[in-house]
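Chain nomenclature is as follows: A, B, C, D and E, assigned in order of appearance, with residue numbering initiated at 1 for each chain independently.
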Amino acid sequence: MFLARVTGVVVSTQKAVAMKGHKLLLVEPLRVDPNLRDRLIGTGRSLIAVDPLGAGAGQVILMVQGSSARLMPETDKLPIDAAVIGLVDEVRVGDTIIKMDDSQPS
Amino acid sequence: MFLARVTGVVVSTQKAVAMKGHKLLLVEPLRVDPNLRDRLIGTGRSLIAVDPLGAGAGQVILMVQGSSARLMPETDKLPIDAAVIGLVDEVRVGDTIIKMDDSQPS
Amino acid sequence: MFLARVTGVVVSTQKAVAMKGHKLLLVEPLRVDPNLRDRLIGTGRSLIAVDPLGAGAGQVILMVQGSSARLMPETDKLPIDAAVIGLVDEVRVGDTIIKMDDSQPS
Amino acid sequence: MFLARVTGVVVSTQKAVAMKGHKLLLVEPLRVDPNLRDRLIGTGRSLIAVDPLGAGAGQVILMVQGSSARLMPETDKLPIDAAVIGLVDEVRVGDTIIKMDDSQPS
Amino acid sequence: MFLARVTGVVVSTQKAVAMKGHKLLLVEPLRVDPNLRDRLIGTGRSLIAVDPLGAGAGQVILMVQGSSARLMPETDKLPIDAAVIGLVDEVRVGDTIIKMDDSQPS
């Protein structure tokens, strides 16, 4: 799994039948700043995930990829390879506590 | 999943029996422009996907990879690892709405 | 899936029992030239695939990765993660038709 | 699989029901120093893993990705794609023995 | 699959129960030299694989990743994502035959 920030949504009218009613989040994977290790920084990549947890814009989420994305009751048998499995409150790196609301205005 | 633009098609006469009659799209994965975040830009990569939705040239699609690509009725048991699961109308990044027809002539 | 060129073969006498008799191709993944979009260029990567279709040296093939590589009758239950599922005749990128014999002497 | 160092933990109050009670480790994948081959160095990537083995901060672990992460009794059916499957004592590269406590203060 | 050279071993006393007794090889993925195409060169990456075939230090092996790594009798149901499925004797690239003992002192 990895951390990612919700950066937007994708609107798709024509899609696989099973996908109807499933919100599609646009997210940017994050990583710990390799120098100071005191904040999360974007990787510049763009991925799309199904979100059964209701994450909001700017929120940091925990994302799973592959067949495991189908293992929640809400995602069972969906043709997806990525889903939100947690909303992140804080990340502790060594002695540093990174609160998610601190790091939002990236 | 990720966003990609349909850039062409692949013609293959000799292929796995189960693949007969399945159109093969050539696509280029996209990402949000990391600076202005107001458009999608190409990644330069080239992937091939089966398309049960009838995407046209230049169209932006939502693509799934891995075993999940086999989870649509049209792709059941195919030996594939990538499929189109949605045609994209628009992408909302923060307050910006990216209409797909705006970004097509990349 | 992605396009790749057959660049060689791998000889392995000692291998998993199920692999006996399966030819192992050395392939180089290809991508569309990002500038002129009129030919396929190598990526410099080296992968190995099982080939139930009899691809020859220099030929461009369609390759599948992951568990889907085991979904052909010839590859059922093999401990493999990559297989050839098509021989490529041509690739159409926009209005350009790339014939595979044109692009072979890369 | 690959080697990684435990660099922190992720706190998530709202998460997939099945994930309750499972500790989430923040880890940085490692690789052998390509020059001297006498120590492990960080790759700068940030991944999250479930840990049934109780790894501590700074410890080097063996990590598995994909569906195989669900194949331990403690991770059965979890919607995860990464788990700790071993705590690493030492890595032998050629004639060099890298003790894990030597390489911790990276 | 891909080619890799055995560069070492990983010692782990505390590990998932199913992993007891399984040797863990440290390997470096290889690729064909993109210029002369007459030898294999390292990629600088470090991966860990289970080895049912008894590969020795410096040996070039064929490696499989993902769920397929569990499809040998010796690896059935192990929580692993990588295994050795062949010992490589030689690699033929075009008209060049790369004997594995030639390329060992990388």
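In this text, contacts are C-beta pairs under 8 Å (C-beta built on N, C-alpha and C of every residue); 3 or more make two chains touch, one makes a residue touch a chain.
Computed from a predicted model, the values in this text were never measured in an experiment.
Undergrad: Using Cα averages as centroids, what's the distance between chain C and chain E in whole Å?
TA: Those two chain centres are 20 Å apart.
Undergrad: How many angstrom lie between the CA centroids of chain A and chain E, rounded to a whole number?
TA: Taking the average C-alpha coordinate of chain A and of chain E, the gap between them is 33 Å.
Undergrad: Where does chain E touch two or more other chains at once, residue-wise?
TA: In chain E, residues 66-67, 69-70 touch at least two other chains, as defined above.
Undergrad: Chain contact topology under the given definition, line, ring, star, complete or other?
TA: Graph shape, chains as nodes and touching pairs as edges: a ring.
Undergrad: Under a traversal of the ring that begins at chain A and continues to chain D, how are the chains ordered?
TA: With chain A as the starting chain and chain D following, the sequence is A, D, E, C, B.
Undergrad: Taking the touch rule as given, give the residues of chain E at its contact with chain C in the complex, in rising order.
TA: So the residues of chain E touching chain C come out as 1-3, 30-32, 34, 37, 40, 52-53, 62, 64-73, 75, 83, 85-94.
Undergrad: Spell out the part of chain B that touches chain C in their complex, as residue ranges.
TA: Per the touch definition, chain B meets chain C at residues 7-19, 24, 26, 28, 42, 44-49, 57, 66-67, 69-70, 77-82.
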